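Heads up, the thing below is written out as structure tokens.
Chain lettering (A, B, C and D) follows the sequence in which the chains are written, and residue indices restart at 1 in each chain.
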Amino acid sequence: MQNNTAISQLIEAGKWVSQKGWVPATGGNFSARTSTGFVVTASGHDKGSLTQAHFLQLDHQGERLAGAVKPSAETQLHLSLYQLIPDAQCVLHTHSVAATVLSQITQEHQLDLTGYEMQKALSGFTSHLETLSIPIFDNDQDIDRLSLLVSDHHLHTPIEHGVLIRGHGLYAVGRNIDEVRRHLEALEFLFSCELERLKIIGIQAGVTK
Amino acid sequence: MQNNTAISQLIEAGKWVSQKGWVPATGGNFSARTSTGFVVTASGHDKGSLTQAHFLQLDHQGERLAGAVKPSAETQLHLSLYQLIPDAQCVLHTHSVAATVLSQITQEHQLDLTGYEMQKALSGFTSHLETLSIPIFDNDQDIDRLSLLVSDHHLHTPIEHGVLIRGHGLYAVGRNIDEVRRHLEALEFLFSCELERLKIIGIQAGVTK
Amino acid sequence: MQNNTAISQLIEAGKWVSQKGWVPATGGNFSARTSTGFVVTASGHDKGSLTQAHFLQLDHQGERLAGAVKPSAETQLHLSLYQLIPDAQCVLHTHSVAATVLSQITQEHQLDLTGYEMQKALSGFTSHLETLSIPIFDNDQDIDRLSLLVSDHHLHTPIEHGVLIRGHGLYAVGRNIDEVRRHLEALEFLFSCELERLKIIGIQAGVTK
Amino acid sequence: MQNNTAISQLIEAGKWVSQKGWVPATGGNFSARTSTGFVVTASGHDKGSLTQAHFLQLDHQGERLAGAVKPSAETQLHLSLYQLIPDAQCVLHTHSVAATVLSQITQEHQLDLTGYEMQKALSGFTSHLETLSIPIFDNDQDIDRLSLLVSDHHLHTPIEHGVLIRGHGLYAVGRNIDEVRRHLEALEFLFSCELERLKIIGIQAGVTK
């Protein structure tokens, strides 16, 4: 994909994600793979009012090709996801209340979801009886170290739809902008359902199911 | 009703339902009975931005009359509801957080609601002292089997306003587009109330009342 | 106030209340006192898209002066409030999730609120240390009987800002359209706070405080 | 900054804050330091539709320079914050459900937040492992006395991003309009997360962590 097309799609996605309330306080970052590497949002800036000037163009190794703005530290994690997952064309990283709280109260290193029809909105799922397992990584300000953990995990358990960073948020992955938006929306819906469910059945019952 | 009029009403309803957040991630499907059978939304597509091209026209047995788009597997359930309920003119199937969670945490095969003035927004109800009972069917990827269960149930307990599919969502039924929208909105309101109530009084107290 | 001016204010208020989600499924009704009696919304109709045609003009005894639409059964309660409270110029009756659930889970015949700065948005309150007491009446489909209960209550405990009907909603009262909108918004805010508080501290702790 | 520029920024911020639902029922007040002192919103008025006429211009001691409108009692607290914190250029005081409830159920005199990536949206924070401590002051209708408490507290524990008033709301502080808006949005996000977390893990577990 051309850089300009990719950036246009991410600007549009940013308005939608911001309106959902999933990128408060200039949080989050978005990227898309392109023919020359990938484009990614710069550090800071409200993600609901992005322009071409808020993007960096990086090559396949993450070196800057264009864009005068400051890169986000989390650019490294976007790069890793593109290197690990050949099919990944877009990554939307968001900070929702549900993703933040659910990843923080879950002691395990993954969030297992089952019994929801909405799982079928995630590519590859055909039944609510399957288990959707989203890995949860402990947050780390050392993004290189965090990226290594994600890479190591991917070797034995391939990442398909996204990962949660504890107390931080979601990285949703897709093979095109429509798929990543659908994955993001479906995962956020499932996180909201789980959070509501735990409020009623309690966290002990929730963990053991 | 003419196919084009029915489709226009469903397009308009789709914008409203989408704005409410009840059809995330291309979820849900909508239909309306017409003089030649019924019209129904195709598989996938965001339900908030439907056009004429996103609809199929089917006959009274569910055979395609027009529309090149892929039918949703759940078309069968719409067909069954029209066959079972002569008065049903519209069916709106939605995926809200409240309907999903409430149907999942309820062990019973129906959700009983009583004591709410809002019950009177459902046709036939004249008092909050009556009990509104919405059947809950276990989710099943075999829609023919699920439709049979719904049909069997209807023989002894006629379906009036809608049914819940566990962990999946609501099928709301009405005698025209205004009634189905009112039924949907009233049921979602009641589901939200029940969910809030259970968070405070606890699920044990909630079940026994 | 002239009937047309009053109706215009209620149409505008309806858009705002509807956008807040407090009049779902054609629920709620609004009125304003005028020089010839009062104007009130007809039965049914979405309260977010009212026109002049959706109002009745009634005299001081509740007899119809103009308007061909069907009166709501609850018109009687509006009339009673104007007869009981000489200062009342507007009544907004709404169906919010918070008002419905809070009135239903509270066993007492009033909701006592204290410790909230927002209480000062209600006319007459100057401190969060005072107690705001909103009466709760059991819902009754016999509106005449319900109105009598409200009248009897008012004799020993004057109604000032509004009343709750259990499992039904709020009747907010004000001396003009701005005051009733402020009362409604402040009470809904306080109901939301109480509901959130009870979810955390539990209803036993909430009742005894 | 010039008075007119400051007022324009606060009018724009008011639309955004109102749309978020954080200044219901004419609640809240906003101010900005200027070359001649500071500008501040008058008492009352909906904060989502402010005009130049809804502001007072005060000098460095809080004496009126311009503006015929009634000052809010809380003007004194804005003045104190500017006198205590030389870098403070803007103060946004809001009344959200989360800030109100969280400050009311917390027994301590501060709210400690840790483990959230969003803490980094607050100037000076570089890691989720640090603890963000927001002081909570008991509400007091005597604003001079409350201001003194805030001043005393600041002597031993400098206020950086804002303070909570119990059962009342948040005063967010920033070095410019963008920073105060980011602080406000980040703090509200964190309050929402904490409130959700406490609903699941319980307040006892929440306090001891």
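Rule of thumb we're sticking to: a residue touches a chain if its C-beta (ideal position, glycine included) is under 8 Å from a C-beta of that chain, and two chains touch if they have at least 3 such contacts.
Molecules present, by chain and UniProt name: A, B, C, D = Methylthioribulose-1-phosphate dehydratase.
Everything numeric here is computed off the predicted structure, so don't read it as measured data.
Peer 1: Have a look at where subunit C meets subunit D and say same if over half of the interface residue numbers show up on both copies, different if under half do.
Peer 2: Here the answer is different, because the shared fraction of interface numbers falls below one half.
Peer 1: From the centre of subunit D, which other chain's Cα mean sits the farthest off?
Peer 2: For subunit D, the chain whose C-alpha mean is farthest off is B.
Peer 1: Averaged over CA atoms, how far is the centre of subunit B from the centre of subunit D? Could you give it in whole Å?
Peer 2: 44
Peer 1: Between subunit B and subunit C, what distance separates the C-alpha centroids? Give it in angstrom.
Peer 2: Chain centroid spacing, subunit B to subunit C, equals 31 Å.
Peer 1: Among the residues of subunit A, which ones contact at least 2 other chains?
Peer 2: 199
Peer 1: Once you draw an edge for every pair of touching chains, what topology comes out, line, ring, star, complete or other?
Peer 2: ring
Peer 1: Can you name every chain pair that touches?
Peer 2: Touch list across chains, by label: A-B, A-D, B-C, C-D.
Peer 1: Write out the stretch or stretches of subunit A touching subunit D in their complex.
Peer 2: My answer: residues 24-27, 95, 97-98, 100-101, 104-105, 139, 141, 165-169, 195, 198-199, 202-203.
Peer 1: Subunit B touches which residues of subunit A in the complex?
Peer 2: It is residues 115-118, 121, 126-129, 182-183, 185-186, 188-189, 192-193, 196-197, 199-201 of subunit A that touch subunit B.
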